[in-house]
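Just below sit the structures, each encoded as structure tokens.
Shared chain: chain A. Partners: chain B in the first complex, chain C in the second.
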Partner chain A sequence: MTKIGRQSTESGIVSEVVSPLVLDVRDFSLTFTRNQKEIAALKQVNLCIKPNEILGLVGESGSGKSALGMAILGLHDMSKTATVGQILLNDTNVLKLNPKELKKLRKESLGIVFQDPMSSLNPSMKIGAQLLEVSKNADEALAMLDAVRIPNARDRMQAFPHELSGGLRQRVMIAMALLKNPKLIIADEPTTALDVTIQAQILRLIKELQIEFHTSWLFITHDLGVAYEIADRIAVLYLGQVMEVADSNQIIHHPSHPYTATLLNSRITIDADTTVAIPTMVETTRSAPQNIGCTFVGRCAYAQEICESKRPLDEGTEGHSVYCHLGSTDFMQIANSPEKIEQITPEYGAAILIENARKVFTKRIGLFKKSEMHALNGINLEISPGESIAIVGESGCGKSTLLRLIAGSYQLDSGSIQLNVRGGIQMIHQDAGSSLTPWLSVETILKERLITSGYPKHGIPKRILDLAQSIGLSKEILKAKPAQLSGGQKQRVAIARAIAKPPSILLCDEPTSALDVSIAAQVINLLRKLHSELKMTMLFVTHDLAVARLIGDRICVLHKGRIVEIGLSEEIVSNLRHPYTQLLISSIPGSRMSIHQNDFNSTDSKELRSGCSYVTNCPMAVDLCSKEMPQLVKISSQKPQRRNQVHLVRCHLVSASNSLGDADD
Partner chain B sequence: MNRLRFIAKRLLAAAVIVIFLIAAMFLLEHMSKLDPAHAYLGAGASSQAVAAERIKLGLNRPILVQFVDYLGHVLTGNFGISYRTRNPVFSDIKEYLPNTIELAVFSLILAVLLGLLLGLASTLKIRGFRLIQFILISGASTPVFLLAYLGILIFYAKLHILPASGMTSYQSYPTGPTGMLLVDSLLHLDFGLFFNSLQYIILPGLSLAIVPALSIGRVLRGSLLTTMRQDFIRTARSKGLNESRVFLRHALRNSIGPALSMIGLQAGLLLASDVVVEQIFSWPGVGYYIAQSIPVGDFPAISGVTIFFGIFYVLINTLVDIGQQLADPRIRT
Partner chain C sequence: MTNSSTTINTPIALTSSSSVFSKVAQRFKMLLITRKSLVVGVSIIATITILCFFAPMLAPYNPLQPVGTPFSPPFHSFLFGSDSIGRDELSRVLAGMKSSWFSALEVIASGVIIGGSVGLIAGSSRGFLDNLLMRITDAFLSLPGPILAIAVVAALGPSLTHTLIAVSVVWWPFYARIVRGEINAQMSRPHVEAARLSGAGRTRLMIFHLLPGAIPAIVVTASLDVGNLILTLAGLSFLGLGAPAPAPELGAMAARNLPYLLQDWWTSVMPAIGIFILAFLSNVCGDLIRAGLEEL
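== the complex of A and B ==
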């Protein structure tokens, strides 16, 4: 086999003749030794990447997807790692190289982009200096910053990483990876830490760069939707074993492995059925010993005896690998009928009445100067008892501040928040793990809450058992400490604690964004079920409009501390009017409908301009938009039953086309 | 530009702290039972003489006026007359202070070097680091005075390789411009004197340096280990850089912050031990001077030395702050 250079691929003729693979992983197994225990991270993995191809590697946490990326780079601590099989990078077996040759390989042929662009750049080194470690040529470095569409690239060379936004930092990482003109770039969850809208930008950029530079990408992600958005082919990994590899369209529309099918079904899409629970994975009694059998057997609804004792081989067709004893079946057809979720009608009146709420954070810079950050700029919101409302927006829009104001952990600067409720308020945080005391057992954590909330003492043990049952945790879990629980279990315990004494108001601050897709679906099902059973008023903060639509009776879209659009969920999704809501919807990965948008905006919150807060990013902005802040106006397409259910939009373009609209704030 | 402003701000803050220190010293002196007028005139002075002396010293004026007066004196270098030596405190200090600064700076440098060595050696698992660690830990768990005497016993009494008291065996030596023997001998190109006084400073210097060295080394090791696990280290490695470059260029600079803070803290503790060590080694420094002044209640001397120690401490910590800002561009107050 001859190595294939860049020219020959560009000509497109030679590649047909010689081995066209950039990466060829053959029967690759990887075992870690940790505390004298062997953990099989990857099991007989077979994968390949062709020139100029993006392979999406999809898997949940523990699937070994990052371990594979690190193995290709040769960055594992070899004293604690054992490997079998081959990783061929342009016909060179990476596993056979000595450290010096590996270093050379990384220097010349491999690029990498990590998840968190803040921590993956050296904080004390200027961007330019970090780029120059890859290429000694400053002009090349500058040209590359231009190529990844970084504005004012020349100035940015002199900037430190913390002076750039998250999206720009990730562009710098990409520029750094591309600069050595590598054969393959390994991108490990490069968009997971970013806002949805920024994620859409970065995905589009990678796609454009692939065409421009003819680079192959291994794109590692936990989100099938993101992979579908960007990858030519998708490989699905579960607990170290490849489940299915095929063309992206094939995977999304005709999944042939039970795991891929369940993963797809648990994805929350913008058109999900709101009356039923999201289908989730089952727990079976079957299990496979560590080195034989199918790794998915424990959660596969179709598992048979052979799945426990024999590792499945590729049963698929040419170009569509399926590692399953059942052969390839179109599993989308045989999804089980999901549980109905009862809808409750909110009562009349207001459980929470927020009037003109403002919150400003001040930071002292210097002895007398202060910098002000307007987190909330006059919010008016009336929430009925028993209603659930989803607050949507990107980081920094003030959505978490609003929750904390309601919870009372922040003080308002002006305006008022009235709570007309009898029971208490409880809050569920994004990172449940750190909200549970590490040395207390689950039972003690729940007991503490019940005692402090004045629950009758003799009823406590039974109440704890009931709670465990209602959140779907076994009795054994009660004796466990938080460190022994998985992410999903921790979040359930946090929920159990919050509802131990049912609160009137439940505040949820992105409780699912740190969880795997299938686990997130379970938690959302649980919250919806609890909401209808306990008839709580619920505020659910999320950055994902699809989740918002599923969980909220109403959706409230925040942008830079102001409500820009609010209304009934279905109305918002089907009849949205604000350009920003439009952007949020089109940024949902997996829809492949990301529209053109201005990539850059000056997100400086300090410039409190008189105009609309979205004007710098709005593709439809007119002169008026930068001069005057628009008011919230009514959209009169349908007559809602309640006064607080009217559809309101803050946009000059809507006000102009809707002369009936009257000012509301 | 930003950097210069930061440094200017830090220096301004340091000046404010020193003024507060002077105020504290003034209040302490005022609150003490000692009557300066009585102290000057001696125990047998008549009450009329004491009263006259009080007026002469301005002790009958309002306290605020006295403070402003005191502050003005201190800032112009007038610390009053020592009750003990009957010399102006400032000229006493001028004589002793350079020796102390020499010892303190020497031990601090020694502590930083030993700390760096320990931190790097134990992080990189260099051969022999366990030995360094062992010596430093046993040294650091021994009280300073014991350490000093042990040093004298071993290196002076037993091995006869290092002297045990004073600063030099030379009878006459060039004076000025700094008053510090090591520096002055170098400036006068007198290398014989330089190496001679270097021998004299080793034992007291080491006695002072070992405790801070261990703290600095441990903090540096902890922060280096955290840094080495960061993503940007993986990025650096994926660039195919040499491990030494990854370590020096990427890891060390991002780990130095906590070690710098530790140096600042240890500088204060070092001054406290300095008083003990100067006594043991008959080092003619301000520690020696203040140890003689405390038993006789020589307040002008005590407050003068304290203010100078305070200035030294504040200065070291200002340098630490500036160093941290240079190491980590994210620090901006």
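== the complex of A and C ==
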């Protein structure tokens, strides 16, 4: 597919040329002015997107990846930004256009998909009406909803955004972007807010649509795995500077830049070595002035003198750009040997004994009606002292409710939870920032915990300093307020508070899901180290099976308030039985596994009172599944050492094969 | 990590006592740059309060004693002229401004304290106590302010104190509602759960983890309320529900001198201007403070 563009040559003659590129970013630098300070967001970026190609733009927070997307769309406030270089969209320099031309360009050749579809769709307008704003033709809009695989598209046209699920909303956004038949669609973290299984669906959809509509995509994400899953080529950005651009396979398997290599090393994969810490980035003493030198010098283990004084140029080969002075070395090989993490054996007995726990949330609708949400439907769980257990599930499965019941923030409706605790219970929240009281300094927050736990008064200042040191926080941070800290620092403060007086039970509610990959790895290392040092019982809630395997002795998979599979981590990962666990594992981005999955619930799960909770999504469901709730049954592959370590699965198919006695592995 | 450590690494180390002043000055300078409108708003209110406090000393004459010929026009022997029995209008307006301003502050202080406590307790308890306190608040909200004031004054005799009590009784429920709303919003934030789990008791939770979050809302409401109260009190005083006769009260002065409005206009216009200045300035300050706090 070729695009015809107009290009004015140096002699001023306008000629029709055939351009092979949809987007060509040349030596592009972008500087913001904020509070009379100049911040260089992008530094001499060179990128291109070919027709019918998905370019994955990967970077951590603050890398400038969204700033680039905004610049292509011409959405920056030009009074506060300065640009150098060119952004050629079909040979039109976006930076030279006036607002009216920009508007026309955006309307005709650009599509946008944002992270949060709820806030980018108009909540007071029906889906159909919003689609018709883009295309005047109702049939065309309907056809597009079908194309993005929205079931009952005709009815959905009459729905308001809040009546759709997150995945469906994102499909509507994609349909709106595609309706204009744009040359390029910019997708800014379109799957970040979604559950892993929904994310896998959306990624697959985008891939299919690319083939169907021959559109080019700029896919912005913080996750190399997601980019690998979807993109033809990947560009890696760090603090506004392109590090490496290459074919996705090349980037993942043979990274040639130290940043890409360390980023890949700190990714937690399903086959990671569980006995050692995840390799993380180092902090070096080197630094580069804002506008010269390599931006990665501060965290690069291989940095040389020249990296501080000169910005690296493309040192790579044809089709594989590497911006590094050290040339294309295989940095994956020369990673330093990681720290060993000691495994502790849990004691006998039960630290937490949960029996048939149920929790129902009731919401009043109007004056007389009530709606019930069954968060937990009878959970039985026995956790040994010193054990770490990972609770895995998607949003709404009841995993956070379970933690809060143990913490005592919620009251049980029926059943019982017995705690055998001496040192108390502490919890680490998902969003560390909001779990720290915003107007108190770090020191006050830590001091409060020590005072309320009855720590001797004269020892408090010293204890706080020791704590800060052991958790990896500098002394200056103690005087700071939470808002002045970075994401990783906030999470460290939250951890420091939790272990100030070591608890016997530590509850972790997705503590790493809001963090950048490299920071998340550091936090997980820290938590594992503390777990083995302080011999705490640890409950770790996550949606990521790879993290669960690394951190948990056992994994417990929840679905709609029930345990569907539970067992030792290695056993679960190597011998998983429940179709839902299979789906979770195949949805881990970067695995490039595809599994058949029913995309949508055919019936509303709320109406379903009997039968398996997973039946509507299960590709293997039989008649029995919709009639009767399966029980947890033992998988007898190996006899575990302990009673609570047996591998249990809640599935009719498994129980059927088990009762016949044919273990199929 | 690198980003924020640069902002934090600025040393906040202990310094010798001689540089404490310069440190405070620097803090203020920073505050002036980052929260200009907040600083300006608070400064104006502080200035008015100080000026009002010293108003009797600024007054050239005794506001209660006749000091010259009656109905002397402004800019002759007296700057604001004199009233029907020859008292200096300027001195009376200044004294009236002092009483108006401080009455307003007193009512607001009582509202913030009573309403704030009720709101804090209701918002942080939920359930029965919350319902009980809020229904009591609703009951007080339904009392008609001026009529209650008339009733109180009729029963206890005219006095500024009685008026203030009557107004305070109807004023606090607004604060209770606002504070409860803010506290309720804070309650669902994770930091409260985290603080509770780390062992903070109820009182500690309320004072250290909930109340500071409601302070911006209280400050904004209170500063916008000053003007409102000055007008309400002046209105009551105009109706004769204030300090009795010789006392210089702006509303009462405007009312008593109304018959002379056509010939000797200054006798009632000057106190009205006093009311206008106070109400206008406090409203402007309220807006400035709100803008300053919203910049956060």
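Just so we're on the same page, the second predicted complex is superposed on the first by the 636 of 665 C-alpha atoms of A that agree within 3 Å, B and C clash if a C-alpha of one lies under 4 Å from a C-alpha of the other, contacts with A are read in each partner's own complex, and residues count from 1 in each chain.
Here is the rule we use: a residue touches a chain if its C-beta (ideal position, glycine included) is under 8 Å from a C-beta of that chain, and two chains touch if they have at least 3 such contacts.
All values reported here derive from a predicted model rather than from experimental measurement.
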Quick one: is A:R154 in contact with chain B, with chain C, with both, or with neither? Answer first, second, both or neither.
neither
Does the superposition put A:K310 against chain B (first), chain C (second), both, or neither?
neither
On the A-aligned overlay, A:L105 touches which partner chain: chain B = first, chain C = second, or both, or neither?
first
Examine A:K627 and indicate which partner it touches, taking first as chain B and second as chain C; both and neither are also allowed.
neither
With the two structures laid over each other on chain A, which partner does A:V134 touch: chain B (first), chain C (second), both, or neither?
first
Which partner reaches more residues of chain A (counting touched residues only), chain B or chain C
C
Would you sort A:K80 into first (chain B), second (chain C), both or neither based on which partner it touches?
neither
Could you look at A:Q426 and tell me whether it touches chain B, chain C, both or neither (first, second, both, neither)?
second
Considering only the contact definition stated at the top, list the common interface residues of chain A for chain B and chain C.
none
In their shared complex, at which residues does chain A touch chain C?
62, 283, 298-299, 404, 407, 409, 424-427, 429, 431, 434-440, 448-449, 452-453, 474, 476-477, 479-480, 484-486, 488-489, 494, 497-498, 500, 519
Which chain B residues qualify as touching chain A in the complex?
9, 230-232, 234-242, 249-250, 253-254, 327-330, 332-333
Using the touch definition up top, name the residues of chain C that touch chain A in the complex.
1-5, 7-9, 11-12, 189-191, 193-201, 204, 208-209, 212-213
Chain A residues within the chain B interface of the complex
73, 75, 103-108, 110-112, 114-116, 119-125, 133-134, 160, 162, 173, 176, 180, 365-367
